[in-house]
Every structure is written in structure tokens, then in C-alpha cells.
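Next come two complexes, and both contain chain A; in the first it sits with chain B, in the second with chain C.
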Partner chain A sequence: MNKKYLPLAATIAVFIGLFLIGGGLYRNFLSTMVLGNILADNAFIIIAALGATFVILSGGIDLSIGSMIGFVGVCMAVLDSMGWHPMVSAGLMILFGIAYGAFQGFVIDFCRIQPFIITLAGLFLLRGACFMVTLDSVPIHHDFVDAYAAAKIPLPGRGVLRSSALVMLASLVLAIVIAHFTRFGTNVYAIGGDKESARLMGVPIRRTTIGVYALGGFYSALAGVVYALYTSSGYPLAGSTLELSAIAAVVLGGTLLTGGVGFVVGTLFGGMILGLISTMIIFQGTLNSAWIMISSGGLLFIFIVLHRFLVGSFNLRGNS
Partner chain B sequence: MLKNALAGAAFAVSALVCSTAFAQTIGFSQVGSEGDWRPAFSANMQESAKDYGIDLKFANAQGKQEEQLRAVRAFIAQGVDAIIIAPVVVTGWDQVLQEAKEAEIPIFLVDRDVEVKDPSLYVTRISADFNLEGKLAGAWLAAESKGTCKIVELQGTTGSAPAIERKKGFEAVIGQFPAMEIVATQSGDFTTEGGKKVMEAFIKSTNNLDGICASFAHNDNMQLGAIQAMKEAGLKPGKDVLMVSVDYVPAIVEALKAGEANASVELRSAVGKFIYPVILDYLKSPQELPKWIVIPSDLHTAN
Partner chain C sequence: MSDRGTLNRIIALRHNRAVWPLLALALILIVDGFISPNFFDIRIVEGRLFGNLIDILYRAVPAALIALGMAVVIGTKGIDLSVGSIIAICGAVIAWRIQAGDPHLLILFYALVAGAVCGVWNGFLVAGLGIQPIIATLVLMVAGRGIGLLINLFYGGTNPSFESELLQGLSTGNIWLIPTRLFVALGLFLALWALIRRTALGLFIEAVGGNAAASNLAGVNSRLVTFFAYVICGVMAAAAGVIMTADTHTSDPVSVAMYSELDAILAVVIGGASLAGGRVFLGMTVIGALVIQALTTSILISGLPPEYNLVIKALVVMAVLFLQSDNARSAISRLIPGGSR
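And now, the complex of A and B:
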């Protein structure tokens, strides 16, 4: 097997291993119902993480994800109470997400500022904006939302694929196409691997950076739409600290935080591993919920060390 | 009351005896662990589950609705006998409660309410009545002041359910007495610092609380702040001014002993003994229950 597939293989092995362990420990765990739940309940995290994958592949970071999800949610809820169709407000918010992401990308490249700082400003700005829109949780009442929530494809067994899982899988396919079958995708890997070499080889740095953050904004806003439809409400505190879960999903999925190395599909498994850990601890039922964070943190630590080890001893990134 | 207690005790004993045969699995999705009250509430639910022979699956949502939805779906997948939810927010519950209904798992709410289109999606809500707590505080004050009292009020967080309901209940009772009125009211955000600031402002605006007979706070923490502010201004809380508040936290017990507070309405954290019998009865013989079962409040005074 090619060495660059090792982190991805490790991620998938951990996912399958955890699922089997859960099945051995708890009644009703090894079922399509649990699998369907994990896909649907983590759909918005995975969608946001898909965007974060591109940002991290390019060597950057986006901390504004969680606030964007909250902001999209409250805007959709308030627009709903003003009589807008959810699809129209969703479209508007996704355009906003793309524009805001592009703006962040532009500032990062034009002013040569650390992505960490600019997107941290985005985190505060958008969360503050949530509180300006509303302080309460606002319900979204619309026939479309009911139909969306009720739509499902039955899986063998008792499980179902809910709409949010379907949107997530479609987003995943789109992300795989962009990352692995377009020139833009190749450019993202190039600037993440070595920005200077990429520049010398004629990769359009500014256009790619703006594109990466616009894509990040698109996926965060889409995650916000999925979250709002999933809870059929907007809540100004929704999605807080979710950017960190998204980054964790990306790293668990085998993408290197330094950029340039990783696979989009790994992020799907990274997000599902996080969901699997929570589900196992809920099934256990007597463990303090702190164990969800402790085991996620522990696993993250092991993965980062593993990546370092792979990079060091297998020279994963190659010589440039 | 005694009859109920006896029945409860008898039930507890029988539940203990039969626990191996009829061990019920119940999932409980808790909001989080904010404040003093909620961790005590969680601990009591876990402790008293053992007394009733219940296998309790406890999930702390850490204040996030998505964690709560995940927990409820996991409980459904696991096939528990009943699910208890203390909701983070009132909205967004229709779909998951519908799924529980399809899986024939009854839902019980504790603490806060939910807004659902179809009320048959949950069996009942078992919780304290904030409105009643306000009424109880008002009734105590009316009796203590013999119906003549100028009151300053320290409100909870603006727009929060306990603040709205405690105020309404309190006003409903003192409204019966023409010589009782709230002369100043402001939000102290349920915090000690907030209560202290508001009381400092009241002390200035009323010339050292001249003519004020009582301070009503929507929770003990604000009242403790008010006590501090009054002591710093050289006033004697509990003597110059009657101090009544809600929650009955350990610090107010000390203040009651020291005579710096006069009365506190208890928001019970030991509620397992009110909640579990209702659920176990329902599981034994499902029947229509009232949509809200009120857990009675208690009033504690200095003596």
C-alpha cells in the first residue's frame, strides 16, 4: 500500500474497531439504526469539517465556523418568522457564507495576516451578530421544514438515512470532486505543501487562498442550514466551540495540520469517530460526560503523534 | 400527604424487592451542570434511581441541544423503557419526540417546558412551579408585614422563565393587599454581583431604604449580594428590612441562621422521589396523565 494512504487506513480501522467494541459491549449498538443516527446527528459537524479540510490542506485554519453556524441559524429562524421560504433564506445565507469566507481569504492574503487572527475576529463578530439578531431560541415553522425532517431512506434493519445525512453525503461527493479532480484542488495541496515553491511554479496564491476560505464559508453556512433544519429552530448560542470539533474531525481523518497532506473522505470518518465516542458513552450511561471530551482528546493526541511518526520515518511529504 | 408518602415508601420497598425482576432502563438527558442547583439535581436523580431499582442512563448535554438530540436518539436505538428530558431550549423537539413515539418509548419532561405541535408526544412534565414559588414568597411577606409593605424587587435575568413567573406569582398575591406595593424593581441577572449592584442603586435612590419594608429577590444569590450591599451601607438586613428570596441554597441557610435573611422558598433538587414513581406507575399501567405534575415548593424561615 502506498504510504500516503496509511493515516486514512488508520482512521478507518479505528472507526471499525470502535464500532465493533461498542457492539461487543452494548445491546443494540451494532445496528444500522446507530449508524444512521451517527451520520445524521453529526452531519453538520462533518459538513463544516469538509470546509475546514480544504482550509487546513492549504495550511490555514478557520475559527469562525461555529459562529457562522449559529448566525445562519438565527437569521433563517428570524427570516422564517417574517414569512420567507426556508429554501430562499438558506440560499441567501449560503451566499453570505461564501462572501464572508472570500473576504476573510482576501484579508489573509492581501494583508499577510495569520489566518488564526482573522478568523478569530470572525468568531467574535458573527457570534456577536447572533445576539443582535435574537436572544431567544426562535422556532422555524414551515411545511417544508416538517417535510425535510420527516424525509428518510430506510436502511436494512431498523436504521434510516435522514435528510441531513443525505445532504452531508452529497457535500462529501462535491468535496471529493473539488479536492481530487480539479485544478483548484491541486493548487490547494500545492500551497499547503510548500507555498514558495507553489508560487514559483505559477500557482495563483491569492485566487486560491480566497477560494479556499470562500469554500470554507460555503460549507460552514451549509452546516448552519443543516443545523437549523435539524433542530427546526435558531438559537444564538448554537454551534459554539463547534469549530474545534470540526478541526478535530479533520485531524482524526488523517489530514496534517501543517497542510498539504490528507484526504477529504478521511474527514467523514474523523467526524463519525467523534460521534461514535459520544454514542458509546451515552450507551454506557453511567460515565461522566467529561469522558467524551477526554477520550476524544486522547485519541486526537495519539493521532497527532502517529502522524508525526509517519511523517518522520516514512517521509510522507517527500523531498521538495 | 402522609398517605402519599406511605404509598411512595411502600412502592419504593416493592420496587427494591422486585428490582431484579422488573429492572427498568430509563435514559435521562440533562441540560448540563451550570449553577449550584443543577449538579445537585443530577446527583439526586442518579442516587435515587438506585432506590427504585432503575438502571439510569445519564447523559449530560453540556448546554448543547445537538448533544441532547444525539442522546435521545441513542436512548431510542438502545431501546430504553422511558426517556426523561430536561430540555436545553423549548424549540426543535417535534421530530425526535415523534421518533420516540414510533418506537413506543414514553417521554417525560422535567424542569423546563417544550413547544411541540402535538402535546401527545410527551406523557407529562414533572417540575416545580415558578409561579407558585412567587406566590408563596408573596404570601409569607403579606402575613409577616400584616399586609402593609413597600417592597424593592431584584429580578432574575430579563425574559427568563423563572424571572417572569416568580414576578407574576408574587404580584398576584400582593395585589390582594392595597397597602403592599413594589416601589422599585431591577434585574440583577441571578448573580451575587448583580444583586449587590442593584441594591446599592436602591439604597441611593431611596435614601438608605427609608420606608422600605422588604426586599424580594428572584433567587438567593442576588439576595446574598443585596445583604452585602446593605451591610456596607450600615443597614441591618433581616431587621430593618425583611429579606425573602427563592432557591434555598446553602449560603442562604447560613444567612437565615445569622438573622440576615428572613425567608427562602425552596426549589427542590431532591426531586427523584417525585419523578420516578410517576414514571414507574405509567410503565406499569399506561394512562393519560395531566400535562404538568407540580412538585410542591417548601418555605424556610429564620426560626
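And now, the complex of A and C:
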């Protein structure tokens, strides 16, 4: 097996291992119902993490994800109360996400500002914009939202794939195609691997950087749409600190934060691992939510150390 | 001719790193002066100085302390995302030990030790295992508030409150009309300044941040220096944690010091240091923290709804970052005739 698949293999092994441990500890855990629920409950995190995967693959970072999710949610809710169809407002907000992401990408490349700082300003800006739109939780009442919540595809066993999970899986396929079968995807890996070499080889740095953050904005806005439809409301504090969960999902999925190494599909499993941990702690019943934070942090630690030693021993960048 | 020389000298000033942040601070204060005519008044109320300027200094103290530690870490080309979590842990430790009945001076020591231990953990991950700082400190950032909650859960219940004359005196008391925490901040600033600028440590930190491999070859123990930077940052965060926790009389691990790591990093960047490492500007970092607090205060006194706070803060930060970028500055210079070099 090619060594570059090792982190991905480790992620999938941990996911299966955790699922089996859960099955051993709790009755009814090892079922398609639990799996379907994890997919649906974590769909928005995984969708946002897909965008973050591209940004991180290019060697950057996007901290504005959580605020974008909140902003999209409150805008959709307010537009709904003004009589807009959710699909129309969703389309508008996704366009906004792409435009805002492209703006961030442009500033990063033009001003040579670290992505960390400018997306941090984006975090404040969009969260503040949420508060300016509304300070209350606004419900979304529309037939479409009811239809969205009711739609499901039955799985073998008692499980179902809800619409959120379907949107997530479709976004995953799109992300895999973009990352691995387009020139743009190759350019992203090239910039993340070594920006200077990529420039010398003729990779269009500015266009690719703008594209990467626009894609990140697209996925965060889509995650916001899914979150708003899933909770059928908009809440100005929705999605707080979600950027960290998204980044954690990407790292758990085997993508190196240094950029250039990783697989989009790993992010799916990274997000599912986070979902599994909280599901297991909820099944346990007696444990405090503090344990979700501590076990996520602990698992993150194990993965980071694992990656560190994999990179140290095989020089993944050279082989990928 | 001399007029021309003065003008040129003023124009040349824009290349001085201290000018832009100070200009930003002055601009905010001047705007405040227009919005509220009594802005600069300072009077004595209940045995302490009272006024907007004092208030800005007073409220900026925790952020400035965190930012000072962060400046040291950023100097080594690192970053510490876990400072908010360190503050949460510190608060939990304080509440726990006060309920256990320890002498309060000892508790102050415990809180600082808790911060140092967190710093040792981060330093171990970054310097010992060689993990990228942003990920290494993400671990404690994710887990730290959970640890604080657990300490609360085992000793004292949810959000335990406490009374401590010593700690609250340090945080909210005053000496000779002046808030005590300003003395605390000044003392810590001078201690850190002496440690960085009056020993070789500062030079080593900037060398490691500039080029770790080269400084290793020159005989600097890069790992040890990096390790120490994280311990310093942990202790400074703990000091801020003592002040913040004593201010609210409670330990609230979930929401205390939310986004404080981001404010601290902003303060360092506004102070002119690059996240690429190699520079530690302690004085400018304090100015950066003051810019952020002055902005927050002026939004409050301007009568704008508080929900505008974040948006305005973000826009100002973007403007400052934009002005710090060479590309953007030369684009502006081209627009202003006579300003071009």
C-alpha cells in the first residue's frame, strides 16, 4: 500500500474501531439507525469541513466557518419571514458565501496577510452581522422545510438517510471530483505542498487562492443552509466555535495542517468520528458534556502525534 | 527648505512600525472626544480615579497580559490557541482550592502553577514532539474547558462562586486612587520586559523565530527556547485568569475568556509583529491591546447598539491589517501624489 494512504487508513480504522466498541458497550448501537442519525446530525459539520479541507490542503486556514453558518441561518430565517422561498434565499446566501470567500482569498494573496488573521476578522465581522440582523431565534415556517424534514431514504435495518445526509453525500462527491479530477484540485495540492515551487511551475497562485477560499465560502454557506433547514430556525449564536470542530474533523481525517497532504474523503470519516464520540457519550447517559470536549481533545492529540511520526518516518510530502 | 525637510521626515515616519498603531489609537480617542465631550474627564469617585481613559486601561489589563505572553510565543513563529482554556482551568483551580480552604496567597501560586503546567504541555507538544503550534495548542483549546468543567464538577458544583479578599483586591481594588490591577500589569510587564530584553532570552526567541535551523547551528537550543516561550505564555494567561476570575467571583469554564485567544493575537498583530515570527514587540503589543479596548469602549459610549461592536471591531482590524501590508500601502501611495517614493 502506498504510504500516503496510511493516515486515511488509520482514520477509517479508528472509526470502525470506535463503532465496534460502541456496539460492544451499548445495546442497539451497532445499527444503521445510529449510523444514519450520525450522518444527519453531523451533516453540516462535515459539509463545512469539506470546504475547510480544501483551504487546509492549500496551506491556509478558514476561521470564519462558524460565523458564516450563523449568518446564513439568520438571513434565511429573516428572508423567510419576508415571504421568500427557502430555496431562493438559500441560493442567494450561497452566492454570498462564494463572494465573501473570494474576497478573503483576494485579500490574503494581495496583502500577503496570514489567512489566520483575515479569516479571524471574518469571524468577528459575520458574527457581528448576525447580531445586526436579529438578536432572537427566528423560526422558519414553510412547506418546503417540512418536506425537507420528512424526506428520507430507508436503509437496510431500521435506519434512514435524511435529506441533510443526502446533501452532505452529494457535496462529498462534488468535493472528491474537484480535488482529485480537476486541474484546480491539482493546483491546490501544489500550492499547499510548496507555494514557491508551484509559482515557478506556473500555477496561478492568485486565481487558485481566491478559488480555494471561494470554495470554502461555498461549503460554509451550504452548511449554514443545511443547518437552518435541519433546525428550521435561524439563531444569531448558531455555529459558534464550529470552525474548530470543522478543523478537528479535517485533522482527524488525515489531512496535514501544513498543507499539500490529505484526502477529501478522510474528512467524512473525521467528522463521523467526532459524531460517534458524542453519540457514545449520550448513550452512556451518566457522563457530563465535559467528557465530549476532553475525549475529542484526547483523540485529536493521538492523531496529531500519529501524523507527526508518520510524516517523520516516511516523508509523505515527497511521495504524494 | 526646512519645512520641506520636516514634511519629508513626517512622510518617512510612515515606515516606522510604531506609527500606525499609535495613530489608530489616537484616531479612536479623538473620535471619542467628538462623540462625547466629557470623554477625557477624570474624577475621583469612592476613593478611586474614574473616567473613560482609566476604564480603557482597566478593562484592557487581562487582554494585554494574555497578548504579552502571546507576543513571546508568536516571536518563536508559534501561536497559542489555548489561552482561553488555560484561563478556564485557572478559574476552576482557584474555586476548587478556595473551597478546600487553602491560604489565598498559596492559591494565587497554584493558579500560576496551573498556567505553567498548561504551558509545559503545549511546549512539550511543540518543542518536544515537533508538532505544528496551531494544531498542538488546538488540543488543549478543545479539551481545556472540559477539564475546567470536570474540576468544577468534582469540587464545587456548577459555576462555583467564591470570596477572596486577596484575589479580589488584586483584581478590583485600588491603591492610591489607582486600580491595583494596573500595578499588577505594570509589574508583570516590567518583569517580562527584563526577562526578554535584559537577558539573552529575547535574542534567542527572535533568532529561533527567524530561522530555527540556523539558530540551532549557531548554538542556540531552539527546542528549549521554544519550550520556555509556551511556559511564559501559560503563566501570563494564568495571571489574566486570576484577574478575570476574581472579577466575576465565579469559575465559569464554558464562557470565560471566550475569543480571548483571538483578541490576543489581534493585539500582537496590530502591534506590528508578524505571525511569521522573529520579532517580539512587548510595548507595541500593549498598544495593540489598548487599541482593541478603546474601540470596544468607544462603541459603548457612542450609543450604537452593542451588537455593532463586533462588526466595527472587524472592520477596523481589517483596515489596520490593510495599512500594514506593503502591497496595499504602495497602491495607496500611487493614488496620493507626492506621497510616492
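Note that the second predicted complex is superposed on the first by the 318 of 320 C-alpha atoms of A that agree within 3 Å, B and C clash if a C-alpha of one lies under 4 Å from a C-alpha of the other, contacts with A are read in each partner's own complex, and residues count from 1 in each chain.
Definition applied: contacts are C-beta pairs under 8 Å (C-beta built on N, C-alpha and C of every residue); 3 or more make two chains touch, one makes a residue touch a chain.
Being a predicted model, the structure only gives us computed values, none of them experimental.
Novice: Based on the superposed arrangement around chain A, label chain B with chain C as either clash or fit.
Specialist: Verdict on chain A: chain B and chain C fit.
Novice: For A:F44, select first, second, both or neither according to whether it touches chain B, chain C, the two together, or no partner.
Specialist: first
Novice: Thinking of the overlay built on chain A, is A:S232 touched by chain B (first), by chain C (second), by both, or by neither?
Specialist: In the superposition, A:S232 touches chain B alone.
Novice: Report, please, how wide the angle is at the C-alpha centre of chain A between chain B and chain C, in steps of 10 degrees.
Specialist: 70
Novice: Quick check for you: in the superposed arrangement, does A:L135 touch first (chain B), second (chain C), both or neither?
Specialist: It touches chain B and chain C both.
Novice: Applying the document's definition of touch, where does A:L123 land relative to chain B and chain C: first, second, both, or neither?
Specialist: second
Novice: When the two structures are overlaid on chain A, which partner does A:Q114 contact: first (chain B), second (chain C), both, or neither?
Specialist: Touch status of A:Q114: second partner only.
Novice: Should A:N288 be classified as contacting the first partner (chain B), the second (chain C), both, or neither?
Specialist: Both partners, chain B and chain C.
Novice: Considering only C-alpha atoms, give the closest distance between chain B and chain C in the superposition, rounded to the nearest Å.
Specialist: 5
Novice: Report, in rising order, the residues of chain A that make contact with chain B in one complex and with chain C in the other.
Specialist: Residues common to the chain A contacts of chain C and of chain B are 135, 288-289, listed in rising order.
Novice: Inside the complex, what are the residues of chain B that reach chain A?
Specialist: Residues of chain B touching chain A: 27, 55-67, 69-71, 73-79, 89-92, 94-95, 115, 159.
Novice: Would you tell me which residues of chain A are touching chain B in their complex?
Specialist: 26-29, 31, 33-34, 37, 40-41, 44, 135-139, 146, 149-150, 227, 230-233, 235, 237-238, 240, 275, 278-279, 281-286, 288-289
Novice: Could you pull out which chain C residues touch chain A in their complex?
Specialist: 79, 125, 129-132, 134-136, 138-147, 149-150, 153, 262, 265-266, 269, 274-276, 307-315, 317-318, 321-322, 325-328
Novice: Going by the contact rule set out above, which residues of chain A touch chain C in the complex?
Specialist: 61, 63, 107, 110-114, 116-118, 120-125, 127-129, 131-132, 135, 244, 247-248, 251, 257-258, 288-294, 296-298, 300-301, 304-305, 308, 312
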